[in-house]
Every structure is written in structure tokens, then in C-alpha cells.
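Listed next: structures, encoded as C-alpha cells.
Each of the next two complexes has subunit A plus one other chain: subunit B in the first, subunit C in the second.
Then we have the complex of A and B:
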């Protein structure tokens, strides 16, 4: 479970992360990834620290962070389940599957279970159209979703 | 008279030399290579529909309205991002294009309110125009779906989470996200034009929104309120509050900003005689269509209730003011000045010209002193800012002015900024400079403080040399040491343009070991390596240009520093072509002009010494008087003489010497000792507390004239409304002269300019007709240069051979010691201007409502000072109090404050040390001690009380008509 960090800690740790990566060409995305790895999200307090170190504006960092859905502003649950809602999966019954998953986990899309076990998110194409409907659990793709596979997923995130 | 409509070509001009010919809708058009099809079409008079394109920013290609068809090419490319090609055949209007455009507009309008009639942009909205242009008649999508337009969901009345309320946090403009079409013009203007990067597009797809900072209100973001985004916005999303209140303007007049020495051209957009807004003028050659928060928005002082509109008199400065008629005021001054001259001698009166007034007005004040008072006791506020520039550049190059135009910075490879903070004090130039830095130019900054110029986003200085205040000469001479000893100087240039034997002498001098970076490190605190690297970069990095400010001049060695800078430029051949040069950044709108106009006691207009018989002849025959061939008194001398009892009367036009001149107590004593102090100003300023006569002044909006900016550019100031006080300042001076029996009879300022041109060789061809025709000219403007001189010393120095002068560093007598261990230096902030008489009377106070003392955490901790505490600053001259701001922008041992607020009284602390050559005060170095304090000093309390009492005005006189 990710600990809550005091904002001075965040600034300090962010400065360390930035320092280690700022000499890369195009350092912003790697820095944001590293912070998300560290804190489970990109904390809003980290943004001005990054901006100052890279000599760019707060607005620019904010623009990049909000452009990518994968950067969170608060930590996700222990597991992250992304269910594809794009066209190919829809044509293979993806909408119904999405509803079933949501019901089975007891949360809607963009929500995290109260016990912090799982966060449910939509994704628009995993490149797995041939095995639609598809989902991704903690970075592992799962194809040809059906009731059985949903059960397996639920069991895994609850365990 | 109507609104001036500037053509928007959609994309910036190409600077390529090669021309390309293409056909647009059957018309041939020839444009420079690299021009967009959109711009080429506009050149041919064909407007391609567009939303995301405007010529202040680069093409973006997002709105999909400007599509065209090109013969032989597939698809419908966007005309803004497609460059022209030879022989290209373009069609801008086909049935396919019409369908696409209509479809695109339909989508835009499906997420935009239909409140055109009550919208602030009604009549000035490009979205509205485009809907008309593409023939949009119907929006099939309706408004029930997802939208950013309505606060409540239209079907169930619930909250619409996409909707954002209007942001009214900025005092001058509003941001209404519901009207935003996300064209990114504001974001790009903030980045490309202003260089602040305060705006971004947050989110993606339909969720994309313009976000100031990190989804903050404008006022909390990094926004500097320059107005570029408002200007770029094609809808009502970003709109001036004045337009919302008043409505669209109906006519506009091009004029010149009256704040700093950049001299931006603006369109004053008017409704009747009410100013609706000031919009930067694209053809303005100083600003090229850009502005800052002061010129763009901070003009409310012109109608502020504090403005005095009737002349006033009082017997003693302890009496309340009594309003009188103009006739009475003039008669009183005339009789008092004559009495004083009769009683105490001809030299007992004098005048001070204003760098805030026009050339014509300044010329008249010095003429009044020389012709009417019969002496040379005239001086100007440039005494306290750039007099060393006049002296230093005059000695080395032969002219008292910057060598370049502002456009020159577009060709610079290495920019050296010395003792200046353009980001705060010359923001529009700073934006142009930063643009060049983002293109790859390098920046070197010499400043004790980490200023905003040192660490601007995307424009960080390559080298910052944080020298101790007062060590300019040592550091700059050390730069020359490196250039000479490492053989980096430009021998060919020096042999051709300068005196070689003087160079040899100078080279031997700078090569001495005590000028080496290692030796200078000890006294300046700048690491030797930094000096070496900066010197190498400036000498070898391509076109090198130096820009400097008051951090150079306001020192006991101010003139020496200016000469050291000139030496550096000559040494490296960085003079006489675009991209190089030595450029003083002038503080006030017309400080260059007031100096040009003969405001100094030793000089007639055009920097010609008063002792020259031939020059005096010109004026003596024209004015019909005998001129004194001896220089008159400088401001400090006038005050000294007043204290001694030999100087008794003064006419001060538009300058607040009590607040702006050093050693406030001495200034106050001098003024108090005079018998007739005449203050001619917009407001009862601090000096007026000691005045016997107050003449109300007029603003730059209320008169015709010219200002000369830092690049010697003579810009027209045009009257857009009648003077609220009744007379333009030039008329007031003329009426005063007439009351003194001098037969002046100028019907218009253009006649004054004609007299200036007739008598001053460098202005010989300047006329209002010429200025109306070409917009502006840079002096010298005469037979040799009929349209002015953008770059000086092109084929040789004005004085003949460039003169190298030895610049020995002599430490100031103002030294730190056990009693006064810290060095105080002063500066400015973006939102406030100088002593703040204008900007404090505008909404700009929201950004800076008090002056703070910046102190390093180390020094603060030693003294037990916390952020926000009241602290007392004490120097040999006096003490004052203000609140501390703890910051690492200043080095340990150095403290810093601004002087925009009168109760700060920073000049109570500054001493009377001054430049050896010109008496320019040493504002930038004062040895002080700082200690915690409970609140304002006795002086501040007494001063406030005295100021309050002296501003009383007796019951208003009855109007004559009643």
C-alpha cells in the first residue's frame, strides 16, 4: 500500500528523481514515469519542482501530465484493470462484458474499490482486436473475455 | 476617422530572398519562398477562412477551415501549413471545400453558445465571421449532448462537469471557457510572442481546455498579463473587461506608450472620447505588435480621481492649497520668478524637464530657462539614470545613444545583459530577446541578483556573473583582460576603425595581472572561470550585443563602466552592423528625447556644448537673446545652492525629485529653502508637498507630440481626447512664457518640432508629415539619412576613430564595515513603473502592493528575521522600514528592494555619492545594516503626516460661469 507522503518529502524525492534523469534527451516523460513508479501517481506538488529543474513552465508540465491518461493524480488500487471499450471489442460484445466486470467488482469506470484492491479504467484499443473483447490486468493482456475469465480476474484482484 | 483594421495574413512573413510565383484562384502572386499559401492568398487579396491561424504566431493547422485544393496534389491540405511552390495552382473555393468547411463550422458551433447579440465580442468575433463566411445555416447536432456550454445538464438539470465558470481573477480581462474553441492561439501567443509559457492545453480530445498554469485562475498562474493571449483570441473567451463594460470601439488612433523606453506603438481604441482599450500596433517598429501589462492595461491613472485638474497656489507649504484660475497662477509665477531674480540674481531660478513629457514640451522648458530665465539652470531626471551613458558613449563613440534598433536582436548570437532586468523593466524587448534565445542565441547576465532575466523558462542564461554591487568596472575590465591576453580581439576591426596607439595603451593596461579573472574574483565574488568563459563566448560566439541598464550607470563609476562596455564592443568588432552594438535600455519613455532636447545645463539640443559660439549663435539669433556661455546648475547643485540660500525658485515639469532623487532629507531641505517651487504634474506628488504653485498636467492621451525611445526612434504621440485639465503641457509652458513676457506663439507641437529640426542637425529632416508617412524614424535623420539611421557607426565612428579609454577600477567610498555590513541594491518589478505615480493608481497594485526587502536566508537567520517581518534598514544617510522577503535570488551580503511606493522611502537610505563625471547618484550600492523592527520609522510616520497635511485643498472655488 502506498504511504501518504508529506509535501516536503514529495518535493525532496521529486528533486532527486529529476536530478537523476534531467540530462536525458526529452527528460519529462521518463521523470513522470519514475515518479508514478515511486508514488503510485504524479503528485500535483511535484509539478513545480519538475518545471523549475527543467527550466520549463508549470503549465507545460501540467499540459503533458493531463494529456496522458496513464499519469494519475492519486494512487490507483493495488491492481489496475483496463477494459477495452473501442470499436472492435464493442462489435464482439465488449459493452456487455464491461457491464459485467463493473458489476462483479462493484465499482464503475474510473473508480477504485473501497478496500483499495482494484481500479477499473476504460482503454481505447490494446492492439488485441483479433482476440476481442480484451482487457489488461496490471500490464498483462487478456483476450477473448467471457464470464469465466471475468471470474478469474475478480478472484485475482480480491486475493 | 474609423477603426484601423490591420490585415491578418494568417502566418508570419517569410524572410527568404528567393521569390516564388503561384496562382491562387486564377490570380498570379509572387511571394518570398517559405510563405504559406494562406499568406500568399491574402497578399493577392483573397481571404481563406481560418480560425487557428493568425500572423503573430506560427502556423498550427488545427482548425481545418483553411483547407485548399492544389492542382496535381491529392486531398485538401491546410493552407496555413503548406508552403508555396513555383507554378503551384491553388483553388480556395470549390464545392468540396465548401462542404468540408461548413461541416467543420457546424461542429464548432455545436459546442458554442448562441448568445451573439449579448456577447462582448459581438462585432469583433472571428468565429461569428467564419460562420457567416462559410454560410452556416443550421446545426444538426443540437445541444443536448456533451458540451462545455451549459452549467446544467439540459436533460436532467444535473451538474455539467465539463462546464467551467468564468475566470475573472485578472483585473483586466476575463477567461470564459464556455466560449473557447480550443484553437490554441492564446497558448501559442504566450509561448511564441511573450515567452512566458503560462498557458497550456490540458487533457486531450473533447476534454481539451485552455489552462492557465496548472488549472489555476489566471492571477495565480505564471501569467504576466501582457495581453498577447487576449489579442490572439478569435472569440469572446479572453476579453478585456473594459470592452465588456463599454462595448466595441468605433475609432482608433495610433500613438506611443508613455511608460518605459521601449516606446511601444499602440492603437488607442476609442468610443467617442472614452478609451476602450489599448491594442499593440503591428507596424510599431519597436514592439512589432507586442505589449506588456503596463502599456496594454495600466492606463486607468489618466482618469483617476486623484488627478488634479485646476491650478493651485499657496503662500506657505504648510497652508492648504487654494484653487485659482490659470491666469492667476501664471501671473503669480511670473511675478515671483521675476522678484526672485531681481532680489537674488539671475541664476536664482531654474527648471527641470521631464522624461515623461514629449520632445516638444521638453524643448520648451529648456527654452524657457535659457531664453526666459536667462541662465542655463536646466536639468532633467536623466541626471539620476543615464547621464553616464551620455558621457561614456560620447567619449568613446561620439554619440550619446544606443547603436542599434530593437530589430537588431533578431540577428544576435550572444546577448550580454549588464545591470538590467528587461523581463521586469523592458518587458517587450525582453520578449523579443527571449525569442532569439529560444532560437539558439546565448545569454550572459551580469547582475548581483538572480533576476527573472537570468532564469526565464526556455531562455536561461548560459552564464550568470553574480558580481558584488559596485564591482562592474573590475569585472568588465577583466572580461577585456581575457579577450586581450587570449588573443580573441578583432585586430582588423580595431586597425580600421579605432586609434591603434590608444588600443595598444589600453591592451597593455587591461593585460596587467590585477585585471585577471583570478584577481578580480577576490573583490567581485565572481568565479574566475565564469569570467573567462563569458569573455570567450562574447568574443567568439558570433554577433555579440550588449544591453545594459541602471545597474551600470547608477554607480560612482557609472561613466567608467559605460566606457568599459564600449571598449569591449570595439575590442571584438561588435559595432556597426545588425546583431551587435551597445544598447542602453532607457528607463523612461522619453529619457532619450529629453537628453536630445538640450535638457542638460551644459548642452543645447543635439548634445552641443553651450560654450560653442557657433551653436549659441543659432539660438541667439532665433530667440533674440544673449545666451550664457557657462553651464548652469545640475539638480544636486540647485539643491545645494538652495540650502545655501542662493537658489530660490524652480519650475519642475513631470518629475518627482523628492521621491526619485537620492538622499531624500537633503532634497526636502533644498525644496523647503526655496521661495517659489512650481510643480507641473498629473498628481500631487511627493515633491508637491514642498510646492507653492501646482500646475495640473496632461496625460499622453491628451496631447500631440513625439517621444524618442531607447533606439533613438522618434515616435508620434497623438491626442485622442481633450486635456481634462484644459491644456496640454506644451501649452501650459507656453502660457507661462507668455505671462513672463516672452512672445511664443506655437499653434501646434509640429511647429515646435519644425524649430527643433531647423536648429539641430541630427533632427534636420524630422517633420510630422514624415512621421505620418513612414511611422517613425531614428535620429540622425537629415540629408544624409532622410529616413533615419537604424544602426549607427556603420562605416566608421561618429567621432572619427573609436577611442579606447583606460578603465581603472576604484572601489566606491560606500563600503561595508562592522556597522553597515550589507550592500543594498535596488531595482524594479514588472507591474509597477518607477516611483509608481501612475501604476499605483491602477489595478496593477494587485501584483505588487508594497515594496519588500529581499534578503538571503543566511543573513536573515543571523538577524532573527522571518519572512514577512518588519525590518529596519539603516545606512549612514538614514533609515526606513519595510517587510522582509527571504529569498536565494540575492547572494549573502546583498539585499535588494524596489522603490515603487512612496512610504518605502528607499532614498532616505541612499547616500549622496555619485558618478565622478556626471553626478548620477549611486543608487545601486548602499552599505546598510538590517534589524527586526516593530513598524514604520519616525521619519516615515512624520513624513506621512506632513504629506497628508500638505495635500489639503481649501473649499473649491466657484466656477466663473455660475
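Then we have the complex of A and C:
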């Protein structure tokens, strides 16, 4: 995921992705999702290729990419930890848990560890509100976070 | 005889270790050479007991929970395959008071069946509604839904049948059914549970909506934070298509209906119906001004039914059992059942489907069992981040759309977050403004700018800078946001803010802040 891609590769692959999805009704979000799946981000080089193929302006594509929280302009760390900061988790001491996680990882929210091991992000609700506080590590859901589970998370991202 | 063991695949159960439990059970079956199969069911919604494992015995289901992987060997040793006693025994799950007291209409199968088995779905009453619908005239289907009294379960409470009627009456060569599965409100997980635990009920509801209104294409817009729901729904659509439930001839009828699963990209505001439509079209999820109503000019400018997951998932039983059956539940103008989600600091957190009319106090204290920390309840937020904070003195409010409106609150998507007495309501009010600032789509000024000014002003109150004057300013700002915003994000953020100020004034006085600072 963190491999460097030459911009010609990106343009070529983007064209393939767009070609495979452009017949969908409203294809832009599915295209961006697939590019992010492939490159770990939506590479800036991909935008003009998408714009050309969908017959919309560069500005429109840029506007969409930057509107949504999910799309990245550079790849995340090897692991992505999303910690819920919403009310149900707050009611179960989620703020303190978030601070502990941030301290244990040595990074703040929206930051990636210097060694590229992990990116820490806030998320506003994972729908795990009856087993709060909750988090998601690389798509795996974790409920009732406590000191023990934080240790396990830290070990996993460092291994 | 092969014994069936049920281990939930619901995200909530997975978050509490269900996957490890399933692996341990599979290992024990293999090691002991037993004849048993594992079904990964949905959750019954009793999250303090998850992972809850059930065994189908001759005498019915026997439940055990909460099961950890380390308990599995001892369960087999104790003979749980025959439903025998173990320290984790819960007996017949349907006799657990939390379940026994519910009226499960929409969630009738959730946690009982194999979510992706269409045979199981039909064996438990599935597809009966759609079978009736294909034999009915579209107007009769719409009339049935209207007469059932079903109102939008997403939060706005608009009568579902009236929305459908508008789409039916609007002529167009193409119409759409859009399911809003962008369940972003904290404290809510009913949509997620149904998509993970009984996805065919949503497929069936959407197909009925399509036949009723003349729409041939459906989209389910699911938030990206729900990877398990996305995977289950995608698979369910494939299965339904192969079985002819979806396609050019729905259940062999001349009606065509097919659907697609789409994934959001982390924008809370896309739960607002018009920004969801923009997002589906591949645009920024910016709110549209209404009119035109989506029912007249919706997705790609075509007549569109946009309904919440639970609204659509409640349609099959209405068609199956009739409008009168459904309407018999509830109170006043709130008919039928509502899946209440008890969340946060709750002793018994989970999903409780019941007819409208329970009081807030009954839900929080009796059903939810108060706080899990054992401390007194200070406040409950009803309806997610845009819902009001209620103090225990308002616990006599019945769970009903109009009753909540009368108390300056809202039911929303029926999520309830319980807070104990350690909660700081000034902090909660500030968070409401902060959340609005993070998630505002930016189209209208009251929401975009008001939320940021709200955070700043509440910070001044917290710092003791002219608190009275600044609270008056917050109140004035909330008034502007409430009446000047285009959609519910800016328009409803004042609910949590003003309710916190009104009901918990002690948290906003300099004295409280002086104490907190010590």
C-alpha cells in the first residue's frame, strides 16, 4: 500500500478503474473508493484522468475528493486506528481513553507515527454504542476499550 | 443429528470477541469429533450478554453469555450441545426479561436466523409481504402503508405512505428508491443490526416500495464506518437476485426491480436526505434547498422515495399482516413499534423494540437498568448528536414524536445515550457545536459559521468571561441556527446546546467552574 507508484502507472491504472466503473449511475464515489483501495489514497495525478473520462472539470473532482473525510491525499500508516469520539463513547470515559491511546502511540489525532506504523484518526460513531468506548483497527471492530485492550492494540501496530 | 450452534456475526458481538469464540467452538467440534454446525447469526441486541452463543436443542434454544474464547472448552465439557447448565447459562433466550418484554415486528428474525439464508428467511415469515404486494395494485400498496400510520424512522417522522403517494403520482420514465443507511448518529445502531442480522427484510421492503411507486432501481447508501453491514448487504442482494426476488420479474411477476449497494465516505451530513442524493450522484454532499421535494425531483432529478432502513424494513410485515395489525401498536399519531437503542453508560445496553408510549424513565431505569457505573443518571441524550439532553425530572415523557416535540426534544432515530453524574454538560454543549462545525457541509451560513462561533462563545463561558452575557449570545445564536439553517444539522444543533443550558444551569455557572478548576 505504501509502495511508490510512478505517475504514469497511476494514470494508466486510474484509466482502467474509471473504465470499469464509469457506466454506473453516479460513478465518482465508487471510482474514488477503488483508487484509495488500490493506492492507499486518491493520488493527485489521478484527478485529471477522472475528470477527462467523466467529462467534468478538475475542480469538480477536487471538490468532491476534499469534501469527504475518508479520502486521503497520501497513504496512511501501515495500520489505521479509528477511535470513536462521539457521545455514547464519551459517556463511558471515551475522552480519557482517547488521550491514553494517543499517549501510548506517541501521536495525536490526524497524525501518522514517524516510523509509518500507524495513523490515528477520530471517528464519529461506529454503531457500537452499547459496547462503548469503541475503536476500529484496520476494519476490525473493538468494543469496551480499556487499558488491557489499548496495550493489545499498541502491540499489534508495533509488531 | 447435527446440532446447530449460533454465534453472532454482528459488529457489536465481533467487537466483544465473537470471532475468537467462533474459532474456538469450531476447534472443539473438530477435536471432539462432534456433529455440529455453526451458524453466524445476527445479534438479538442484548449487548451486555454478547457474545451470546445459542444452541438449538430439542427443547428449543439455549443461550449462554457473555462467552469468551477461554470459556468454550468448559461449555462443551458441561454439555452445552444438549443445552445443559453452565455458569454462563441464560436459559431460553426469549424468556430473558429484556427480550420477553419486547414487541419484535421489524426485528422479528434478527438474531434468530442465518442472515444470508433465503430459505431461513422464508421459513420465518420472510417474503410474505412481497408476495402480497406483487398481486396488488400500486395504489393499494401505498394505501396500506399510509393506513398503517408508519412514519419515517430516520428522525423526521414524516408519514411514509404520503411520500410514496407523491412518487406514485409523479409521472417519469425512471424513478428510484433510495435507502438512507448513513446511520451516523451516536447511540444508534438499529440500521446496522438489521443490515447485518436480517438483510433480506430491507431488500424485501425496497422491492415493495419499488412496486408501489413504479420505481425500478434501488440504492442503499451505507456509511463506510459499517464494513460488515456493507459486506452482508452486498451478498444479500446477490442472493436475492439469483433467487429472482430482484430482477426483471420480481418473484415471477411483471414488476422489475433491482438494487445496488453504495458506500459513503465519512461525511455525517450525508445522512441528510438531499446531501445523500448529491453524494450518490457523485457530488459533494452538500444540502439541497427544498422544494423541489425529492419525491418529485430527487436522484438525478427523478422522482425518488428516500426512506430510512427501519422504515423500509418495517414495510414487509405491514404488507403481510395488514395496516390494522401494525396500527394497533403505539399511541396518538405514533403508530407501530420503534426500535429503541439504549447506549452509552447503560447497565443493559442494546436494542429494545416496543410500541410507542413507554416513558423515558421506564426505558432508562427499568429496561436499561440505569448506569453500568452504578452512579446516578444525570442526563440522557435522545436522538443522537442533534437531540436534546433530558434530566431525570422529565423522565415521565412518553416515547412519542409529539410528546418529545412538546418538551423541546426529538425522538430522532430513537437512540438514547445515558450519562452518569460525572458528565459535564457545558462540555457536552460545546461538543455539539464542535461536531456541527466539523460536519457542516458549508452551504448555509448559520451552520457553517454559527457552529464555530458557538464553540468560541462556550469556551468563553467556560473560562468565566462574562458568562451571563455570553450565554445570552449562545441562546441568540442558537435561535439563528434553528430558524436560519437549511437542514437539520445546523437547525437541530441548538437542541443539545439549549437543553443542556436549560436543564443543567449549574454546569454553566462560574461557581461550578471554579469548583471544577480546583
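Criterion: the second predicted complex is superposed on the first by the 158 of 159 C-alpha atoms of A that agree within 3 Å, B and C clash if a C-alpha of one lies under 4 Å from a C-alpha of the other, contacts with A are read in each partner's own complex, and residues count from 1 in each chain.
Please note the rule applied: a contact is a pair of C-beta atoms (placed from the backbone, for glycine too) under 8 Å apart; a residue touches a chain by one contact, two chains touch by 3 or more.
Since we're looking at a predicted model, the values are computed, not measured.
Enquirer: In the superposition on subunit A, see if there is space for subunit B and subunit C together, and answer fit or clash.
Expert: clash
Enquirer: Using the touch definition from the top, say if A:55 reaches subunit B (first), subunit C (second), both or neither.
Expert: first
Enquirer: Which partner chains sit in contact with A:148 here, subunit B, subunit C, both or neither? Use first/second/both/neither.
Expert: neither
Enquirer: Considering only the touch criterion stated at the top, classify A:108 as touching first (subunit B), second (subunit C), both, or neither.
Expert: A:108 contacts neither subunit B nor subunit C.
Enquirer: Check whether A:47 is in contact with subunit B, with subunit C, with both or with neither, and answer first, second, both or neither.
Expert: first
Enquirer: When both complexes are superposed, which of subunit B and subunit C contacts more residues belonging to subunit A?
Expert: C
Enquirer: One more residue to check, A:63. First (subunit B), second (subunit C), both or neither?
Expert: After superposing on A, A:63 lies in contact with both subunit B and subunit C.
Enquirer: Going by the clash criterion at the top, which of the stretches 73-81, 163-171 or 289-297 from subunit C hits subunit B after superposition?
Expert: Here subunit C runs into subunit B along 289-297, and the other listed stretches stay clear.
Enquirer: Under the contact definition given at the top, report the residues of subunit A touching subunit B in one complex and subunit C in the other.
Expert: Shared contact residues on subunit A (touching subunit B in one complex, subunit C in the other): 60, 63, 67, 69.
Enquirer: Under the definition above, what is the set of subunit A residues touching subunit B in their complex?
Expert: So the residues of subunit A in touch with subunit B come to 44, 47-48, 51, 55-63, 66-67, 69.
Enquirer: Which bits of subunit B are touching subunit A when the two form their complex?
Expert: Residues 196-204, 211-215, 221-222, 455, 457-458, 460 of subunit B touch subunit A in their complex.
Enquirer: Show which residues of subunit C lie in contact with subunit A when the two form their complex.
Expert: 11-12, 14-16, 45, 47-48, 50, 183-189, 191-192, 217, 224-228, 260, 262-268, 279-286, 300, 341-346, 349-351, 372, 381, 384-385, 415, 417-420, 423, 428, 431, 435, 438-439, 441
Enquirer: Where on subunit A is subunit C touching in the complex?
Expert: 24-30, 32-33, 54, 60, 63-64, 67-71, 82, 84, 86-92, 123-132, 134, 136, 139-144
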